[in-house]
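Here come two complexes built around chain A, the first alongside chain B, the second alongside chain C.
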Partner chain A sequence: MTDISILDERKKQIFTKGNDDFEMKCESQSVSGSVSQRACVFCGSRVVLYPIADALHLVHGPIGCAAYTWDIRGALSSGPQLHRLSFSTDLRETNVIFGGEKKLYAALTQLIEMYKPKAAFVYATCIVGVIGDDVDSICRKVTEETGIPVIPVHSEGFKGTKKDGYAAACQALFTLFDNFSPNMDEKPKFAINILGEFNIGGEAWIIKEYYRRMGVNIISVMTGDGRVDDIRNAPLASLNVVQCSGSMTGLAKMMKEKFGIPYIQVSYFGVEDTAKALYDVAEFFGDAELLKNTSEMIKAEIAEIHPEVLSIRRQLEGRKAAVYVGGAFKAFSLLKALKNIGMDVVVIGSQTGAKEDYKTLKEICDPGTIIVDDASSLELAKFIIEKKADLVIGGVKERPIAYKMGIGFCDHNHERKIPLAGFEGMLHFAREVRNTVLSPVWKLFPARNEVKKESSGKAA
Partner chain B sequence: MLLRHTPTEIKERSALSINPAKTCQPIGAMYAALGVKGCLPHSHGSQGCCAYHRSTLTRHYKEPVMAATSSFTEGSSVFGGQSNLVQAIDNIFTIYNPEVIAVHTTCLSETIGDDLTQITRKAHEEGKVPAGKHIIYASTPSYVGSHVTGFANMVKGMVNCLSEKTEVKNGKMNIIPGYVEPSDMEEIKRIASEMGISTIMFPDTSNVLNGPQTGRYHMFPRGGVSVEDLKSTGDSMATIALGKTASSAAALALETKCGVKCDILDLPIGLHGTDRYVDALRKMACVSVPDSINRDRGQLVDVITDMHQYFYGKKVAIAGDPDQLIALTEFLVSIDMYPVHVVTGTPGKQFEKTILDLTKHLPVKVNVKSHSDLFMLHQWIKNEPVDLLIANTYGKYIARDEDIPFIRYGFPILDRVGHSYFPTVGYKGGLRLVEKILDAILERKDRDAPEENFELVM
Partner chain C sequence: METNIPNRDFTQNACKLCAPLGACLAYKGVKGAIPFLHGSQGCATYIRRYLISHFREPLDIAASNFSEASTIFGGGEALKTGLLNIVRQYSPEMIGVASTCLSETIGEDVPLALRELRISKGITGLPSMPFASTPSYAGTHADGFQAAVLSMVKTIAGADKPESIEQPVVNILPGMLSTADLRHLREISEDFGLKPVILPDYSETLDGGPWAEYQKLPSGGTSVEEIKCMGASVMSVEFGKVSTSGLSAAEYLEKEFHVTARKMERPIGVKATDLFMNELSHASGKPVPEKYEKERARLIDSYVDGHKYVAGKTAAVFGEADMVTAICGFLSEIGITPVIAASGDMSSRFVAAMKEAVSDFDEKDIRIIDSADFRDIEEAVEELSPDILIGSSKGFAMSRKTGVPLLRAGMPIHDRMGGARILQIGYRGTQAFFDSICNTLIENMQEESEIGYTYI
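Entry: the complex of A and B
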């Protein structure tokens, strides 16, 4: 099982710190025939825009694309729930032959009449790209007729990777600012937008509460618990705070160019990064009162969780973790947070990391750590066994593999139900890791220990 | 009140599907392929589809699901995916070393006109298929059919690509189990073996997607029908195909190709369905029904009669796949329940007729629609409330909004376990169904009972 060969094409996407010395190859399509973990452009667009709860999300394509993205993310809304329904033009054979424009038009007008949404996003999937429907012109027409923004999202799956989907989503959000020219005198004080936060398990609510206590105003969150009108007002902010760098830096750049709003990259995962994020914002405004509030709040929050995190750390000291997540920025934070609770990261990888991301990763991880881009489950399993990990952090497809090998698992993607953001989130994370790593269930099958013995000779 | 947006008033919607009651063909093909030993499913299209299909199957079975993809790019969608697929086949045999690759198309590869017959021939010609290894394939664009037809196509693909007729009979019975859970496949097989019949069941996902925890991760789990057995299906004495939508295509193809006679039955869900399955086995293999099977049957009948006072006249709404709904409807009617709203996402006019036939003696009006969605079902329920809802996981939204007892049934079930371990087919499966129905209804009765009517014995 551990002598799986690695495709030649893939060799430049796997790096062991201390042993190798080359530039990571990344941001490429998966090799044909690989069991890739990657999703498509549509997936990228859909996950970014989906949490806008008072918008209509219509998938223009055959039924599957809509069915698989129906309410799978758990991005919570404090109000409308329209985003959680599944709308599809459900293309049939005749549409594929004669085009689906009429159907799209009919579906849009019917849905807008039925639900009176604040805006509508139309996702063009692979097949729409191939049959050549003019989605833009239909959207324009419906915008004129209904008066709400109807925004095409060009997310044909084959046109790239999930990252290109993020870009398409940013482009779509940006069109919400059309005709918006902020009056600088109306800018509220200490106002920011939060970008790249999707309110999984209510995380946006935790972060918003911190800012409220600091005295910072939040104009919009993009896109967790999102509302169209808030997003349209986003150009009134003085700063964009970007969390999920992969998904939203594009929009932040566009906003900087058009409205002169600067942006900073932060992470709300782990004690260090959360504190840094909040300080960075406070420092940006440089207001004494704001700074004071911030440091007091952070101290109080850390004091609150510290004793328990420490006791968990004692229990976990020296255990090993393998991390495979979507974005690279998330990987950095995870690395720090895991160190915080006493764990060593032995494998780390991402689906969408960029060159600079991998450079950073190489710098911050320990020697011997394997760094991978776009790994297959099989490769992952191989490294996890070789490195004798006690914990796997990943997404839906990694969970059963970890369990099959008798290894603890923690979801840091979108299957989780508890918030992992902020100080409170750190505590949740520490508890979850402890619970799974130390669970007695792993003792129910002795084969795991055999596997560990078997593989110990081959470890890299 | 997640579905507060569902209006009671029903309007014609020709262009639009809301809250689908089906998914697309490739996922069914992928599920079928997993039921072949040492098989790696391969999705010929963009990587997104494959990722979604794998996640959904993983969520449903809580097991690792492997599949490869051709990873279409902009170029392949213009110039065709032939070179991607040929290269993929080469790569797959080199790295993952499966016995079989089961290729299915997606909307995209189908629309640009990739021809799997020709591409796989090319792969063979170019020596990309090592000796003793195989490729099976099926065409599964999603703008026709549903996951059930995708399953049917891949099972037919197994026959087309592998079944052979030699001069030597193998003395076995072919069973095509239909789009059911691994646990159901296991039970269907068990019943036949209990009757002393040796079978070739295909596909067979038992021990693949409900395997035991061993502490080891195998890319190709132990279960599944072997290639030798699949080849040998052409030499079997007969074929029993369960479920018309999912199984008849393969059964008929085998009859045409190798002259193996087939009997196409409904799924063996509930008493009559199972009776017919057992009877078909008995007749075709010329065996008698053993006591153990009669005992199972007797237990089911016993429980039904003991508890029938809770069934009669109860209205039920059901949504799911056509084969399952037909068998389920028959069962519900036989225990005096009224399936009043029946919805499948899979297209097919015959379905509506069959359901109406099965329910024509009921003193209530029955709504039935194929190629429909859960939004429609919800609207019907709003207009005519029911005592019980049976549907896949997505039914939970309707159940909560309308406060109806709910049984998860069908595909996908993303939020519960059990479906892949306990059968709902056969007499034993019938017993489990009855238990589930009673639990749901009696639980509700207990919960709603005023203090003075809350009783120990029910």
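Entry: the complex of A and C
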């Protein structure tokens, strides 16, 4: 059907379960000239810090980086909306020649005066790294003058991958704990931080409500619906619960080292993983009442959504899905959630997975599944077509690939507006998948008709 | 009139995009072409994401994926490797190369790298590789677009007339139009019996039908062969007078190949469309087809039907300077005063173009904001309370805050279906635009009325 070839340099990043010796080459720079779906270091930092709603986010660089990240995420705030504005020093040619430090200083002081934020994050972009502006010293100076933390985020795009941007963001968050030494005797009971949860479509609110019902206190969510003061109090927690492992495990490790707070990795996506996450937290505290509350709540929540999920499952049974997402941990949960609604995963991959992640993926997927790291758009198209997927799960850049071929699509990145986390999120997810996979519009598609004929009427 | 060039140290909610985005869009209008950015991965991905959300079509942009090492030691090798990888995977007919902030700042010599690649041993069959220098600290996406168009003409155009084509050939350099506008331009020119070479034409590459087979590069677009012959055309029509800082593509073709350059505002409104029709009539030696006479008559008829809804109304228009200028010209034709004309572009020609486009310019009190961001525009809107906002979907937040209705036009339109194919040019496009303006005002009137009239 298609003559798409794989670049030699990429062959060690693509495997089929059951067919190959499995040794994924990953966590490396994208091949030059491959149309990778990845973004850059800046993107990684911006994603993590974006939802802190009472902070000023100033992009230091020419206009593009700020323009493309203006209010693109579905990260909701219950209060301030400062994070939804796009600020840039909008460097011009003279700044590039003579340096942008003066402009950065002026922009920071003016913006802090205007908006009175609780903190400011200054994102250093590619050319700032090249022209050598001393962003750190400007930030220190403005911190002294204004009294709010002004934090440099070293997110120069060329310095690595999106993952390095996560690390830069964790580093920036960690500086919020400077001069903070919690009194261990004053730690609140059953208190946790949630790390790597970004309140897309209000997901943090769903999860917080579960914990409230269980009897667990949340000190901070990082960074969904984030507030600087909450985050600064994070060391008061007894446990860090890390959802997006790729982005926030780094911070959890730093907090463990400095404050002795242990962490666990969880996922709130899908019934199975959500239940496990909540039980894991309850078991950590080991309180009988907490465990009882947790168990009752989970049973009630599952009972609530189960009949409709089951009905959707009957409609989707045997359909095939291709999953390509940012972080690998999300891919694990998606795989389970898709099985839950009767679908087989035939392609699975991530932009930033680590070796261990791919080993896990291999264990939990079915034989014949293609596993791919840092796919290009052409490769994705090739696998989706070859494997005759009925559904693609990805982000905005993957969507048109699916649609052009007449294949359903479900958005699972930061730009979506529907919450997919927790039990009710699972229901939203199941409905969305059903609505796209079973849409009658595909019947008008030439490519899909061909597939239907080949699969000899298996599809409804 | 009052001009206002903000002088501040930050931009809040930019009313512009970066230059490489403009270049990528222009390159997408060529058949079998793939844009290639010399810089870090993020630029290509962000630009793809942004354009995909506007056009809702697949859109591949390659990059040399700068690493720290390329930044320190030079990215020439990464560029060559990347270009060869693209040739291997996509077999393109053209690779449209553009620089980014990063490669410009470290002083990469892209033309040299391209020459070296061409003379490398054993490498044959390389496609055309025009290069546009597009550091975004020195211009906006409008500048990047024009730079890419000029680079294609400079690199590819010659004066060999194709023998197979009998009808007169006109070059049309439309600027950043919608896909429906581009299709309509072709239709109009062909109705005159002309063969148009529209550069760029992304009307199919970024607005096509479903695929039976996966297309590595979507079909449609101006072919490299057509560009090769642009120096032999009878005339070049170029829309927009603002967003070119140096020589424009039409001016270049005139200088190099003596192809008469006609520069005009994009044809929105009766007057501007008449001018365009006259040029095509002149080039073809044929009168304006009856079809368009009828469309023109219907349009004027509707102007009369709707004139009281628009009379005395005021508007704020924002976006690329060339679009803003053309829309302001049209608004003044129907009796709406554009009290705010704002563009994120930085061009000394904006005011002059506005003066030419807007009738009775000196008698009107128009605030022209150059290098505008949405903070500037919103402040002006709060002060001057226009009746309608016309511009990209990025004006939505301002519209919601100020309560002034927004009519979406230009790019990007991220929150509506069909935003990329709004027809706005020619008599037919003006008709649709006029109706939308009237209806937006009527709808607002209804919403604000306590009674809510159903018969208006």
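Operating definition for what follows: the second predicted complex is superposed on the first by the 447 of 460 C-alpha atoms of A that agree within 3 Å, B and C clash if a C-alpha of one lies under 4 Å from a C-alpha of the other, contacts with A are read in each partner's own complex, and residues count from 1 in each chain.
Keep in mind that, in the parts below, contacts are C-beta pairs under 8 Å (C-beta built on N, C-alpha and C of every residue); 3 or more make two chains touch, one makes a residue touch a chain.
This one's a predicted model, so the numbers in the text were calculated from it and none came from an experiment.
After superposition onto chain A, the partners chain B and chain C occupy overlapping space and clash.
Of the two partner chains, neither chain B nor chain C is touched by A:A328.
Once chain A of one complex is fitted onto chain A of the other, the partner contacts of A:Y68 extend to both chain B and chain C. With both structures placed on the common chain, the touch criterion links A:L82 to chain B but leaves chain C unconnected. In the superposition on chain A, A:G157 contacts both chain B and chain C. Once the two complexes are overlaid on the shared chain, A:F42 sits against chain B and chain C alike. The residues of chain A shared by its contacts with chain B and with chain C are 1, 4-5, 7, 29-43, 61-70, 72, 84-93, 95-96, 103, 106-107, 110-111, 126-127, 129-131, 157-160, 377-378, 381, 396-397, 399-401, 403-406, 444-447, 450. Per the touch definition, chain A reaches chain B in the complex via residues 1, 4-7, 29-43, 61-70, 72, 81-82, 84-93, 95-96, 102-104, 106-107, 110-111, 114-115, 126-127, 129-131, 157-160, 377-378, 381, 396-397, 399-401, 403-406, 444-448, 450-451.
For chain C in complex with chain A, the residues that touch the partner chain are 8-14, 16-18, 20-21, 36, 39-50, 52-53, 56-68, 70-71, 78-79, 81-86, 88-90, 100-102, 105-106, 135-138, 140, 210-216, 394, 397. Those residues of chain A whose C-beta lies close enough to touch chain C in the complex are 1-2, 4-5, 7, 9, 29-43, 58, 61-72, 84-93, 95-96, 103, 106-107, 110-111, 125-127, 129-131, 157-161, 376-378, 381-382, 385, 395-397, 399-401, 403-406, 444-447, 450.
Within the complex formed with chain A, the residues of chain B that make contact are 2-5, 7, 13-20, 22-27, 40, 42, 45-56, 58-59, 62-74, 76-77, 84-85, 87-92, 94-96, 106-108, 111-112, 141-144, 146, 213-219, 345, 394.
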